[in-house]
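Below you'll find the structures, each written out as structure tokens.
Here come two complexes built around chain A, the first alongside chain B, the second alongside chain C.
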Partner chain A sequence: MEAEFPALVSARLGDRVAAVEVFPGTLGRVRFRADAALDVFRSMRDDLAFDHLSMIGGIDWVDHREVFYVLWSDARRAYVILSTDLPAENPHIESATCIWPAANWHERETWEMVDIHFDHHPDLRHLLMPDGYVFHPLLRSFKLHEPEELEVKTRNV
Partner chain B sequence: MSASSVTAASGAVKTPGTELPVVTQPGVPFIEIETLRAKEFLPAAKEALSAMIAERGREDLTQPVFNWAGRNSLFPLHWGLACCAIEFAAAFGARWDAERFGVVPRSSPRQCDLMIVNGTVTWKVAHKLIALYEQMPEPKWVIAMGNCATGGGPFRTAYSVVPGVDKLVPVDLYIAGCPPRPEAMLDGILKLEELIRERKE
Partner chain C sequence: MSEMWINMGPQHPMTHGLWNLRVHVDGEMVLDVDPEMGYLHRGIEKISEDRHYNEVVTLMDRCCYVAGLAWEHLYILSAEQALGIRPPERAEWIRMMSEEFQRLGSHLMWYAAFVQDIGLMAPFLYGMRDRDLVLDLFQSYTGARMTYEYMRVGGVRNDLPNGFTDQARKVCDWLIDRFEEYDRLCLASAIFHKRCDGLGKMSRADCVAYGVTGPMLRSAGSKRDLRKDRPYSAYDRVEFDAATADGADVTARYLVRMEEMRQSVRIIRQALDWLDKNPGPVMAARVPRWLGAPYAPIGNEGYLLKRNYPKGLGLSAIEEPHGEAQAYIVNDGGEHPYRVKFRSPVFANISAAKKYLVGYRIADIPPIMGSVDVCVGECDR
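Right after this comes the complex of A and B.
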């Protein structure tokens, strides 16, 4: 199945997918176009039977940002990784909450940590940090603050 | 058991006009003894107490009593935020048995007079901690247990950690250690009892 998976993805998704790369422990790392995100998600769930969203994460590569989705298929007994690049200025992508409800909290965490905005998310607010927290701590540009400075900036928010 | 049956059982002659039971059997009802004692002793005690209060003032008499009662029955509110909570739990086990000092952990802040913060306080939980502290009745004390609650510990510069719980609530006692042993926690509680004893209102 691993050998024929890239061809299967290309047949289903066409030019919405840029490449299927080899990734150890999974069927592959599917690089898709961010503007076709919702089509890719729906096709992965309905046509390719990846019915479980395991996690969502984001990476700050300074010149651009990457958001990735780890999917699990009970039918195939295999993982697959969806990945796409977003611009460093105003990175945003369509929310996957309507496809996999589990995406809700993962997208909230990704947004607050690496500042990737998820369009049409039902409730995009802070998950791990208090409301009104102004930083995105896992960005490369974030600097560790002196405790007193952090206290001033985060109190009474 | 009615009055007539008591007299009938004891064999006493029932004459009209004396309706009170004549109790001759050994089992005297406890409630009657209490009633008698209240009639006999309480007015005298009341008078003596009133005289003392008039002489020395109410606060002088009640404050040491409340101080003594309070410091010997500290009910802690338990903030099990990190690994210090394991040591806290061990202190209430059979080996260290913190309850011999009158320390009984409660679940509701309204029953507590001591808040033991054992663990890493994050900014997310900070305002809940303040809210629960404000729900505790006065007088109340706070113990910061472990390095995280004292000063942030190894996470002092982290983006999500409060650098010491004294940024949020007034702390009476700090216990060092990462985590402190149960003996250290018990020692801290005894030190706090000394603090309360020396407290001047």
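Right after this comes the complex of A and C.
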């Protein structure tokens, strides 16, 4: 099944997918176009049977951001990774909560940690950090060992 | 004014950790819930970006304080994939055995806390007593009872001490008899059934949609167990069954965890037999020194002499005691991981709280949340 998977993905998703890279231990790392996110998600769930969203994470590459999704399929008994690049200026992508309700908290966490905005998320507010916290700690520009600055910049709500 | 929001937590006996469950109630009935997390957020993912690969292992013990070795295992599997290092076979078996003992330790802790929540005091003492035997074993080969720092990229820190397997077999024999006792204490108790049967229902379809995994998913009739579906370490070489039940309620989760402990003992016995017969190295022969492994054999590379090391990505997924945990590591060729992302099963299980709490009564919340087995350390990271 692993060998046919890239062909299957491109047959279903066409030019919405840029490439299917090899990722050992999974069916592959699918690089998709961010503006077609919702189509890709829906197709992944309905056509390719990836019914289970395991996690969402964001990576700050300084010049751009990456957001990745790890999906599991009970039918295929395998993982697949979806990944896309977003610009460093105002990064945003469609929320996956309407496809997989599990995305809710993962997107809240990714938003507050890596500052990626999820459009049409039902409840995008702080999860692990206090309300009103203005930093995004997992950005590379957020340096450790500067606690005194935190006091000043947290605003009251 | 019968409707109101109340806080259960962060200092509430139900929480078993530091988190807050905001509950919208109408009299006794739960209309809505809103879990508030983050009280135990220590930024483990951020700190990891500032540490050498082996130094992150220290943080993993703090990630989940009842299943430290399972989290070490998770991280190490991912780091090894990202760095392209393969551990020797014996190390894989020791890790598998450690993870199963950790599952026993975690489930015994869960058992003790859970039955106390529903009003049975004596089993609490039994559970804690038996968990101590598992901790004694950990102490004998890792040197610690809670923060082990035992696994390394490329293997494990040290081999098992002499006589360990015999001692471990004795613990297994003791525990397997105790499980019968636990069942008699709980399943024969009218209080247990009154407080557990039919509560916290979550169907299999809902579990899948909301990302709920582990014993909660298997209690709804699913057989999904990563040790079976996507075997790692040596799980494809031992015989065991995925524990499952059909009730999808609190009692079903109890049954799944009890069966899982029996299966763990079964795996451990096979692992001990294998370890007895197959001595060998527990650390890969050539592990670069810059990984920061104080006890690792030193390779040809010196500290800070890292040159042209391959970049890579690592994704590992293990069946942790609470469910399915994942680690995603980005190795950009630097000394530290560029990004480490963990998926905590508890995080996903709590995020679905609305599905299994709404419609029940306030007094049902402690047994239901008890059956979820919350470990806030790994949820908040």
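As a convention for this text, the second predicted complex is superposed on the first by the 145 of 157 C-alpha atoms of A that agree within 3 Å, B and C clash if a C-alpha of one lies under 4 Å from a C-alpha of the other, contacts with A are read in each partner's own complex, and residues count from 1 in each chain.
Quick note on the criterion: a contact is a pair of C-beta atoms (placed from the backbone, for glycine too) under 8 Å apart; a residue touches a chain by one contact, two chains touch by 3 or more.
Bear in mind that the values here come from a model prediction, so they are computed numbers and not experimental data.
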Inset, instruction - Could you tell me if A:A49 is touching chain B, chain C, both of them or neither one (first, second, both, neither)? - result: neither
Inset, instruction - Would you check which partner chain A:I81 touches, where first means chain B only, second means chain C only, and both and neither mean what they say? - result: second
Inset, instruction - Check whether A:A7 is in contact with chain B, with chain C, with both or with neither, and answer first, second, both or neither. - result: neither
Legend entry - chain B versus chain C as contact partner of A:L144, first or second or both or neither: both
Inset, instruction - Could you say whether A:V22 touches chain B, chain C, both of them, or neither, answering first, second, both or neither? - result: neither
Inset, instruction - Determine, for the superposed model, which of the two partners chain B and chain C contacts more residues of chain A. - result: C
Inset, instruction - Classify the contacts of A:F135 with the two partner chains as first (chain B alone), second (chain C alone), both, or neither. - result: first
Inset, instruction - Return the residues of chain A at which the contacts from chain B and from chain C coincide. - result: 128-130, 137, 142, 144
Legend entry - chain B partner contacts - residues on chain A that touch it in the complex: 128-130, 133, 135, 137, 142, 144-148, 150-151, 154
Legend entry - Touching residues (chain side chain B, partner chain A) in the complex: 123-124, 126-127, 152, 156-160, 162-164, 167
Inset, instruction - Flag every residue of chain C that touches chain A in the complex, lowest number first. - result: 37-38, 41, 43, 45-47, 50, 81, 208-211, 222, 224, 229-230, 313, 315-317, 324, 326, 328, 330, 338-339, 341, 343, 347-348, 351-352, 380-381
Inset, instruction - Report the residues of chain A in contact with chain C in the complex, numbered from low to high. - result: 23-26, 29, 51-55, 57, 59-60, 68, 70, 74, 77-79, 81, 100-102, 104-106, 113, 126-130, 137-138, 142, 144
